[in-house]
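Here you go, one structure.
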Amino acid sequence: MNTKFLPFEKDLEKIYLAMERNPKDLSLKESFNKTLKEIYSKLEPFDIVEIARHPERPHSEDYIQSLFTDFVEIHGDRCFGDDPSIITGIGKFNGKVVGVLGHRKGQNLKEQLSVNFGMANPEGYRKALRVAKLISEKFKAPIISFLDTPGANPTEGAEERGIASAIATNLMEFFNIRTPIIVVVIGEGGSGGALGIGIGDRILMLKYSIYSVISPEGCASILFGNASKSKEAAKSLKLTAQDLKALNVIDEIIEEPYGGAHRFKEETIKNVGDALEKNLIELVKIPTETLLHMRKEKFLKMGVYREE
Amino acid sequence: MKKIVKVITKNESKEWIRCNGCKKLLYYEELIENKKVCPYCGYHFRLTAKERIEYLLDNGSFKELFRNIKSDDPLNFVDKEPYRAKIDEIEKNGGYSSSIITGEGTINGINVALGVLAFEYIGGSLGAAMGEKLTRLVYYAIENNLPLIVVSASGGARMQEGIISLMQMAKLSAAINDYKKNGKLYISILTNPTYGGTTASFAMLGDIIIAESKAMIGFAGPRVIEQTTKKKLKEDFQTAEFLLSHGFVDMVVERQNLKQEITKLLEFLP
Amino acid sequence: MNTKFLPFEKDLEKIYLAMERNPKDLSLKESFNKTLKEIYSKLEPFDIVEIARHPERPHSEDYIQSLFTDFVEIHGDRCFGDDPSIITGIGKFNGKVVGVLGHRKGQNLKEQLSVNFGMANPEGYRKALRVAKLISEKFKAPIISFLDTPGANPTEGAEERGIASAIATNLMEFFNIRTPIIVVVIGEGGSGGALGIGIGDRILMLKYSIYSVISPEGCASILFGNASKSKEAAKSLKLTAQDLKALNVIDEIIEEPYGGAHRFKEETIKNVGDALEKNLIELVKIPTETLLHMRKEKFLKMGVYREE
Amino acid sequence: MKKIVKVITKNESKEWIRCNGCKKLLYYEELIENKKVCPYCGYHFRLTAKERIEYLLDNGSFKELFRNIKSDDPLNFVDKEPYRAKIDEIEKNGGYSSSIITGEGTINGINVALGVLAFEYIGGSLGAAMGEKLTRLVYYAIENNLPLIVVSASGGARMQEGIISLMQMAKLSAAINDYKKNGKLYISILTNPTYGGTTASFAMLGDIIIAESKAMIGFAGPRVIEQTTKKKLKEDFQTAEFLLSHGFVDMVVERQNLKQEITKLLEFLP
């Protein structure tokens, strides 16, 4: 357990270092677990932002590897390129055929660079739509989409090739996908870049993941006039799973052990698998037209406004 | 179209305005008559939502709809000041209650459903009130068999409404999907500026997308892109003309010709 | 009439030069017309190839300008670019709303260069499909497509961006366009680059236009092993309107005056307009499902093979 | 997968073959056992249509269909020799009568409709016989509710059939459109080489497009492009891997894994 400690885990790190010096002192281990629980019982929103971004947090690739068998990756948007920042494919989940979409974040620096830290290009969103159509129309299979991105790629190339158009098209066309879609926010749900593969019948969120219209840093810099106000911004933005559940934007929080998914990969992945299984069983029973109507109504009713 | 405009060099007064394009001083009254387009360089000054409606619709034909839908504060958001205080104050001072005006009117005699974003209300940003008003307009257009025209001018999402703002992108895309499935024509007009969540949802979903000449249009703002890529951007980056050459808008139109071009399209409808 | 004379018009050119020297000699004018008619009564296939390629021959732009009112050009493939080599738009033809597609060849060298001599890129074909869908779905209007290209653009860029995929997609998707489509070959019908906007309910061809799987030069070089055998290749390829009518590949030959469209623009354009009007009147009467079935059957029955 | 292959340097005999990839000498029998893939460099030797069927389908499961459709000479085409003489001679010498074999068979027990282009018959070019056979196969697959698999290997259009050849692109696209509208799965497999009218019609219309490793795939041939643009082409230009990175094929597969990958996909079908 040589995990990178996060800023709010200072006390934990101290105990950990003591444990390394005195590996036989079992009370230290006990103290470590107690402190871990204490810290994780009173996390601030920005702490959760840091957990959600932890480089060792399991990513789409990990879920695919652990939860799906016979996975076949499908490439390309049939128009311009194959964006590695979004992985798409088909495989079996608990014996049932499913399509999979997900942001790819990479496990080490080389991978992270090759997938642009999960910031997708227009061709990534176009690929996702193409594959979702293929899976639903030809394989009649449900789709599972893993959200984990800081946001869409903010570059000249992405703008030139229509990142806004690609995301907009997905937001619309995913309402026409005629099989169930389950969306799981597993890390960073970064704005339009996340939502671009985020339309679905059920939106699930890991306990220590976030979903926000803008990063706390961006918000702090624009609205607070001070980039150092990220913690306040994180609080104001209501970006945690708990906040989003309270706002009725998501359907379900998936439990994550104290200490976070990066410390407890297997357990977290199992929790995600269980949640997927439960929701899939429910969704496949719903007649197609009802499903599409409900999906639409789900999003149409999102909004808080005064009517006077 | 070109008008005679006196240019003074000494003093700017309220009656004179400096062009953001060519920096010449323009006589305000005449600028207004020219639909706020500089007669020297063609610079399109920003319009208020009310001016836009005036320029686009037949005189007196506009009937506002869904005015009763107003911004709220879903997150109890506080930055330097509480968001609620901000929206209350705008309202108290006689301003809008949301960043869009929705309604119905005629364009050279043809009935249309029209939504016009108000950049002057918190940068035309996409909040839940806009989401709801535009959604209702879309279904109103379906029920009343009207072409739908939306004029965008927006900095993007309403940050103060957080995830609720983001979800308006999905909500509006769902509504427009229903509209399109009904086989009806949606014309999206992009004006300066159109960015972020607005661009990445309803603004880019027009059956026909018209951009006003030289309007800046994009997803990420130029500053964010320059910070990320550490490269200087091309001069025409994210202009209407740039989007045209990259295939994302159907046509770029000068403001003076906008009503006429839209009329042609509407007259083509069966 | 300072038209560029074609190689087979040598006799004509001589008379023309004499006319310039003796402008008052009316017998020369008579002789000119007689020779013109003689030459054009016994054209070889390769002569027709040269007429079809004459730079002053009316192009899509000319037909659009003369036959349509209120024309609105529509741009862009909503994916990568706006290809000027294919013009698309909507306008009125004899008072009726129609969509228009056409290769753009340009009228002078500058224009020719800017439209790449009518050799379209993938984005041109994608734009054509997008606009055809728009016109048929939203305006419920018929579509007229003008074919005039040496072929699709043979460059690295076109291949990188999937010229084959773009053409293939059009060949398939134009069978799903739910309004009548009239295709007119007005000049060079160059292979897949022409066919990419060439699926329709009626295929008309100007008398001195060509439509071929490969250019005579290309065929000569590959099959005859000698690029200079273009004339033989042109003959073997059966690429004239008359040949194609005999092969049942086209429906109708549009008359073109002796001397060719480049000498008689107005008359030729009028002939095209009349043919369009006649065919449109017939096609709009056909119920949609019947129309689509007939369009499909038309192409499904194309083919000459032995069945033993 | 790697096999021990003796390499001799003195003499090539019938039993030995030089690899086009690494230029090593390979023992023919062992090359065959390795599905004609060089065990040293992975070079995929071209297969005959019959070999392809053998490698792809379960042993003995193939039933040929539409064998009675044969090439004809619609234009009475003559180049250096009459086209009819050419097709007659191939037939007389026991060869094919068209550039495709069509039929039905099983892949790991799953029934499929299969078309395999025969490059060895006039470069696998798209003539009217191929057009008709493949069209019939498509409708056979619709009627019998079968997945459709087409393996391409083709230089493009059959020039000797002129415009009739070109029209096969339209014909086959119409047929595949019907197939797709029936909600059925069409897998297109691109092998070395796939060019011209074949690529620009049915080969690029697969719901899933699989390219065999290092296969050359394009519309215009590299020589034509070099002549037109006067530029040297990139080394990987028009390879399967190039098409993958440009988004036009779903996956690149080594021949040894092809049957297994297709089986997976077929097993996913409802």
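A, B, C and D are the chain letters, set down in written order, and residue numbers restart from 1 in every chain.
As a working rule, contacts are C-beta pairs under 8 Å (C-beta built on N, C-alpha and C of every residue); 3 or more make two chains touch, one makes a residue touch a chain.
Labels paired with UniProt names: A, C = Acetyl-coenzyme A carboxylase carboxyl transferase subunit alpha; B, D = Acetyl-coenzyme A carboxylase carboxyl transferase subunit beta.
Note that the coordinates shown come from a computational prediction; the quantities given were computed from them, not determined experimentally.
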item: Most widely separated chain from subunit A, with each centre as the mean of CA atoms; value: C
item: Contact-richer chain pair (by C-beta pairs counted) among B-C and A-B; value: A-B
item: Interchain centroid distance [CA atoms averaged], subunit B/subunit C, Å; value: 41
item: Gap in Å, rounded to a whole number, between the CA centres of subunit D and subunit B; value: 53
item: Chain centre separation (subunit A, subunit B; CA means) in Å; value: 32
item: Residues of subunit C engaged with two or more neighbouring chains; value: 78-80, 161-162, 165
item: Subunit B: positions in contact with at least two other chains; value: 246-248
item: Interchain contacts, given as pairs of chains that touch; value: A-B, A-C, A-D, B-C, C-D
item: Subunit A contact footprint on subunit C (complex, rising order); value: 78-80, 126, 161-162, 165
item: Of all residues in subunit A, those that touch subunit D in their complex; value: 70, 72-82, 90, 92, 97, 123, 127, 134, 137-141
item: Residue ranges of subunit B in contact with subunit A within the complex; value: 68-75, 77-80, 97-98, 127-129, 131-132, 135, 157-171, 173-178, 180, 196-197, 199-205, 218-220, 224-225, 228-229, 231, 233-234, 237-238, 242, 246-248
item: Residue ranges of subunit A in contact with subunit B within the complex; value: 152, 154-156, 158-165, 167-169, 171-173, 175-176, 191-192, 195-196, 198-199, 211-214, 219, 222-225, 232-233, 236-239, 243-244, 247, 249, 296, 299-300, 302-308
item: In the complex, subunit B residues that touch subunit C; value: 183-185, 207-208, 244-251, 261, 264-265, 267-270
